[in-house]
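All chains are identified by letter, namely A, B, C and D, in their written order; residue positions are counted from 1 within each chain.
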Amino acid sequence: MTSVLELKGVTRAFNDYIAVNGFDLTVNEGELRCLLGPNGAGKTTSLDLITGRQKLTSGSVHLRGNDITHMSEQQIARQGVGRKFQVPAVFKELSVKDNFEVAFTRERGPFANMAVMRRSDGEARYNEIIEIVGLGDRLEVPAGLLSHGETQWLEIGMVLMQDPSLLLMDEPTAGMTEQETAKTSDIFNELKGTHTLIVVEHDMSFVREIADIITVMHMGSLLAEGTISEIENNSVVREVYLGSEGIS
Amino acid sequence: MSVHDFWTPFSLLPFLNALIIGISLASIWLIAALGLAIIYGTMGVINMAHGELIMLGAYTTYVFQSLVGVPFLICLPLAFFVVAAIGWVIERGVIRTLYTRPLDTLLATWGLSLILIQSVRLIFGGEPQYVGVPSWLNFQIDASFVHLSGLRLFIVLMAIILVTLTWYILYRTTLGIRVRAVMQDKEMAASFGIDANRVYSLTFAYGAGLAGAAGAMFGALKTLFPDMGSAYVVEAFLVVVVGGIGLIGSVFSSALLGELNSVFSYFTNDTFARFVLFTLVVVFLRFRPQGIISEGMGRR
Amino acid sequence: MNGNIYHNRKAQWVAYVAVFVLLALVPTVFDNPFTLNQLARYSVFALLAVSVSLIWGFGGILSLGQGIAFGLASYGMGMTMQMQFQNPEYDPIPSFMLTNELETLPLLWEPFLSTPVGLILTILVPTGFFVIFGILMFQARVAGVFVAIMTLAMLAAWYSMAYDMQPFTAGFNGISPPLPLQIFGGEVDPYSPLAYWICVGVLATLTLATKALLHTKFGLIVQAIRDDAERARFLGYNVAYYQVVVFAISGFLAAWAGLCWVMIVQYVSPTSMEIAFSISMVVWAAVGGRASLLGAIIGAFMVNGIQSYLGDELQQVWMLILGAIFIGVVLFLPRGIAGLLELILSKVPFGRGPSGAQWSAETGTEEKAS
Amino acid sequence: MKLTRRSVLKGAATGAAAAAVTSPFVFLPNKALAAPWISKGGTIKVGVLFSQSGNLAVVENDSAQVVLYAIDEINANGGVAGMQIEPVVVDAKSDIKVYSEKISQLILRDRVISTFGGYTSASRRAVAPVVMARNHLFYYPTCYEGRECTQNIINTGPLANQHSQDLIPFMVENFGPKVYLVGSNYIWPKESNKNAKVWLERSGGEVVGEDYVPLGGSEFTPIFNKIRQQQPDFIFSTVVGDSDIALHKQFLQEGFKADKMPIASLTTGEIETRAMGAEAGAGHFLSAPYFQTMENPTNQRFVEGYLGSQYGGGGVTHYNMEETYLSVYVWKYGVEAALAAAGDIEEVTPRLIRDSSAGIKVEDEVSPEGLVWIDPDNFNIWLKPKIGQCQADGQFKVIKAAAEHVGPDPMSIYPERGVCKADGLHTPDGTVRQNVL
C-alpha cells in the first residue's frame, strides 16, 4: 500500500492559540479515513492546511511523495485534492448541470476554456456522477433552489467531477434527514476502494457505516488512531470525547 | 517637465507649519470620515450619500444661522440632530432592506445622493451660500512657525471632542456595548436579546448626525452649494478603508493622509497631491489588505 | 430549460441579432444627422453598459472604474485625431501645449503621429492598464465593495492626473481635434450614417462576441466565480487569473467605447473620467438588467433617451427622477428590465416543459437541441 | 427547429420594444437641411445654450437670462431686418457631454442661425468641432485665453492680453513689485499668468510664487502658508467660481489685510462679492471692461431695465452678463450687415454673418461699457479695460480706466505661430491654417 497523503508535524498557530499542534497523519491508497474530535479539535483547520486554505506555521504535507506544503489552493486542487466544505458551497445561480460542468476541470486556464463550448466534454462524465449522487431529474434547476441534502450531494458530485485522487469531506451529512444520510453512506461506500477519502464527521452511526480507520484529534493533536471498535474501546478517547459529547 | 514651475524649495519653518496645516487637514478628513467609519464598521454599509449628509448639515446650519438667527455654536448640535433624524429615516426607508446586499446598498445610496442634491438645489437654488464665522473665532495664532486661524483650531478641537465622545459612547455606555456586540456577531447578540435592527437604526442615525456636525463646520470653512458633498466622499472612503474598522484606525489614517496631502501640496500643488495620494492608497490596499479580504476565514 | 423562452439560447440570439439589425436599419429610414449622431452616442453608452454588465452582472465584480478605460481610450483617440491635424514639419505641436512652454512634441505624443499606431495604442493602453490594475487587485483577493472603492480611488487618481498634466492633456479645457477622423483616404463625418454604422457595428460585434464568450466554458467559470470564488478556487481554477482576464475584457470594451466616442464627438476632457459618469454606466446596466447584455444596451438607450427628451419642466428634476428610478430598481427590480421580461415570459408557456411547475429530465433536452 | 416560431416571436417582441425605445428620436426628414437658414415671413431662430441646472448654473443662468432680455429688447424695437428673433433655449446641465450633444441639436435639428453659449473654455472647445464642421456661428461671450484662431466663433469678452496691461503696472506702482500668482488649475489662468509676467517684466515686478488649486477646490491654507513665507506685495488671482469665494474668505481667516496685500483679480466681480460677503471682498481689485457702478446713461438704462425685467432676479449686473448682452447686439448688427451684403434674407448664412461682422461696432448708446468693436482679423473684441476696487457694499469703484481701446491679440505672446487673420492663421512659412484650436 502506498501512502497518498502524509502530514508530518503539522502546526498552525494564531498568536497565542495553537489550532493544530504537531499533527501527523498518513492515509493510504483507496482508504476511507474518518477524522473525529470534539469542536475545536482542529479537524477543519487540518483540512484547511492540507488544501492550502491556511498556511502552515511548521511541518509539511506530502501528496504521493510531492511536497505540497507551500502550494496555493488551486495548485493543490490540481494535484488531485478535492474538497467538500462544511457549509455546502455550490454556484447558486448556475443550474445543477452547469455546476457539474464547471467542476469538470480538464482545462483550467481562461484562454484554453474560451475555446471550449459548454457541455462538449463533460457529458459522459456527469452521466457517471449522476449515477452515483442522483440529481438526474434536477439538472436544469438553479443550484440555489436545491434542498439542503441535494446541495450536499451536488457538492459531493462536483468534487467527484473534478476526478481527484484524494477527497476531503467536511461533515457531508450535516443537516441531512435520516434517509438522506443513508443515501450518502451508500454513495461513500460506492466510492470506497476506487477513491481515497478523508471524512470529518460527528455522526457516529454514519461513521460506523463507512469508516475503515478512524483518527481522533484532540486539542490540535493526534489522540488515537484505529478501527471503529478500537476507538470505541479506547479509554482516553472515551474520556475526552465520548464523555464530553457522547458518540451516539 | 514644466507642470510645476514652482517646486517650492525646502525651508524649515514653513515646512513645520505645513505639518501643522497637515493636522488641520487631518482633522477635517477625520470629521468627514468619522460618521462613515461608524456606519461602515458597524453595519458594513458603504454609504455613498455620506457627502450629501455633510451637505445637509451645512445647509441646516445655514438655515438656522441666517434665517432663524441661532448662534453658530448652537447650530452644531442642531445640525447633528436634524441630519441624524434624516439618517434614521434613510435607514428605515432604504438601507434596512439591503443589509444582505452590500453592493446594492452602495448603488442605492448613490441614487439617494442624487435626490438629496437635487432637492437642496430646488429648495435653496444653486447659488453658493455661506455660513458666517462667529467673531470670537476671528483670531489667528502666530507664534514663530505656527500660523493657524481660529476656525481651524476650533475644528481640530472639535475633531478631538467628537472622537472622544464617540469613543465614550462605544466603550463606556450600554448602547456602545450593544453596538459592539452586534458588530462582532449579529446572531450571538440577538440571542442575548439585543435588537440588532434598533442598534442599526441608531448607529446609522448617529453616523449621519456626525456628518451633519461635520457639515456645520465645513460650511463655516468653505462655501455651501448643493453638490459640495462630492468633494468629501472619496477622501472619507479612503480614510475608512485605509484605517480599517475601528475608531483608532480612522484617527491614524486621517492623520497620515492629511499630513501627506499637506506635505505634497507644500512641495507641488494640490491637484498633483491628490493624484499621488489616491495612487498610494490603491497600492497600499494591495499590500495591506487586512480586513479587506472579503472571504473571511471563519465562513466554512 | 425551465420552460421560459427567456432562457432559450436560440431565442436570445435571435433577439440580439434583431435589435442590431433594427439599429443598423435606422439610417435608411431617418437620415437626420443629429438623430444619427445622437443614436451613435447612445450606442457608445450602450457599449459601456455592456462592459459593466460583463464585469458586474456576470463577473460579480462591481467596478466603478470603467471610466478609466473609457477615458484613456478617449485621450488616445483625441491625440490620434489631433495629430492628424498637425503637420510634423511646420506645425508639429497642438496649440494648447504652447501655454505650457513645450517647444517640441512630447515623447508621449510622438507615437500618435501615426494613425494606425495611435489607434492600436488607443485600445491597447487601457486594456493593458486593466490587466495591471486587475493583477494588483485580484491577486490580493480584493473583492466586493473593496473593488468598488479601489476602482473609484483609481478613477479619481486618473481624473486628477488628466486634469493636472496640462502640457499633455490640456487639462480641464480638453482636446478638440479640429478635423474628423481621417482613415483609409477618407474621413468619418461624425454626423454621417457611416459614423453611425461604425458605432453600431462596434457595439454589435463586441456584444455578440461577448455573448459568445459567455457561452463558452470560460464564461461559465466566470459566472461560477461570481457565485462562489472559493469553491472555484478549490476546483483548481486560478480565480485571480480569470478575474484579471474578464476585467481586462471589460476594459477592452470600454476602450472601444472611448474610441468611438471621440470619433463622433471630436472632444475629450477629464470629464470622461468623472466619478459620476462611471457610476452612470452602472446605472444604465442596472436599469436594463445587469445579468443581460441586451438588457444593459436597452437600459443605456432608455435612460439616455429619457434624459434627452424629457420635457423642460422635468429637466430641472431630472436628477430626482434618475435617483428615484435607481433606488427603485435596486430595491424592487434588482435584475432590471431584463429581469422583468424574464418574469413576464415565465408566465408564457413555452416548449414542452410545463411552466413553473415540476422539472423533468426531458425539458433539459431542449437546450441540447438548440 | 420546432422553436423557430416562438423565437421569431420573441425577436419581434424585442424588436418592437427597441423600436418603441428609438421612436421618440425621430424628427425631421433630411431635406430640411437644404432649406435657407432664415425663411421670409418666419422668425429668426437663435440658440441659447447655457447651463440652467447643475453647478455652472450659478453663472450661466444669468447669461441665459441676459440673452433673453436682449432679445426681448431687440424684438420690442422691431427685431432684426423686420423679423422677430426666436430664442431656442437649451439647458446644458453643467455637463460637457450635453453641450456637445445640444449644439448639434441646435444646428442640425432646430436649425438656428447662430448660438450664444458657454462660460467655460471646456464648453467652447466641446461645441467647436461641430460648429466648425457645419461652418456655423457660435458666440462665446466671456473672457478666455486666446491662442486659438477659428473661423466660426465670435468672442465678446477680453482675451488674456487685454486684462493685465493696465492692472499689473497699476498694482506694482501702488503696492510693490513682488507678486504671488494664484490660479485655478487649468489653461486660462496659466495663460493669463503668462501674460501677466510679460507686463510684470515691463513694469519691474517679479513673481515670488505661483500656485494652482483644482477647479472647485476650496483648501487654500497650504498656499497661504507659502504666501506667508514669500511675503509678496500683492496677490494676482485667476481663481474662478466657488474656489474664488473660498480664497477670499480664507484670506480673512488667515489674518491677511486687503490694504497691506490686496488681491488683484481677473474674476472677482459683483456676483462673487455678493456670494462671499462684502466684508471678504472689500479692498481688493478687479480688472474688467464693465462694472455695475459705471456712470453713463446707457448703463443706467441697462441696469434699471434688466433688474426691473422678469430676467433680473439675480439682483446685480456683472461684467460677464454685460459681455453676453453685447454679444446679442454684435450678432444683430452682423445679421444686418450680412443682409446688406446678400440682398436677400434667405441668402444669409451663419458664415456670412461672421464674415460681415468684421469691424462691427457697438456704440456708446447701446453698449453699457462704452464703444466696442469686433476685430476684423481675429473676431475678438476691442474694449477699454478698467480697474475697480471693491467697496464695503460689494460694488466696485472704478479706479482707473484705460485711455485707449485695447485690441485683442490671441497670438500676442506666440508671434512665432503666425498671425490670426479672418481666413485663418497665417503661419510664418506662408501657409494659412484654418480652425487652429
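The rule we apply is simple: a contact is a pair of C-beta atoms (placed from the backbone, for glycine too) under 8 Å apart; a residue touches a chain by one contact, two chains touch by 3 or more.
All values derive from a computational prediction rather than experimental measurement.
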Chain A and chain B share contacts with C
Which pair wins on C-beta contacts, C-D or A-C? C-D
Of all the other chains, whose mean CA position lies farthest from chain A? D
How big is the gap, in whole Å, between where the Cα atoms of chain C centre and where those of chain D centre? 34
Counting only Cα atoms for the centres, state how far chain A is from chain C in Å. 42
Whole-Å distance, C-alpha centre of chain B to that of chain C, is 32
Where the centres are mean C-alpha positions, what is the separation of chain A from chain D, in Å? 72
Show the residues in chain C shared as contacts by 2 or more other chains, in ascending order. 100, 160, 163-164, 166, 230, 316, 318
Expected list for chain D, residues touching two or more other chains, is 53, 185, 214
What parts of chain A, by residue number, touch at least two of the other chains? 53, 85, 89
Would you mind writing out the residues of chain C in touch with chain A in their complex? 1-2, 213, 215-218, 220-221, 223-224, 226-228, 230-239, 241-242, 245-246, 359-361, 363-364, 367-368
Listed in rising order, the residues of chain C that touch chain D in the complex are 5, 8, 10-11, 14-15, 17-19, 22-23, 26, 29-35, 37-39, 41, 90-91, 94-96, 98-100, 160, 163-164, 166, 170-178, 180, 189-191, 265-267, 269, 271, 277, 294, 298, 301-302, 305, 308-309, 312, 315-316, 318, 345, 350-351, 366, 370
Once bound in the complex, which stretches of chain D touch chain B? 53-55, 57-58, 61, 185, 209-214, 216-219, 221-226, 228-229, 242, 245-246, 249-250, 252-255, 275-277
If you look only at chain B, which of its residues touch chain C in the complex? 1-3, 46, 94, 97-98, 101-104, 106-108, 110-115, 117-119, 122, 230, 234, 237-238, 241, 269, 271-272, 274-275, 278-279, 281-283, 285-287, 289, 292-295, 300
For the complex, give me every residue of chain B touching chain D. 5-6, 8, 11, 13-14, 17-18, 21, 24-25, 121, 126-130, 132-133, 138, 140, 142, 147, 149-152, 221-223, 225-227, 231, 262, 265-266, 269-271, 274
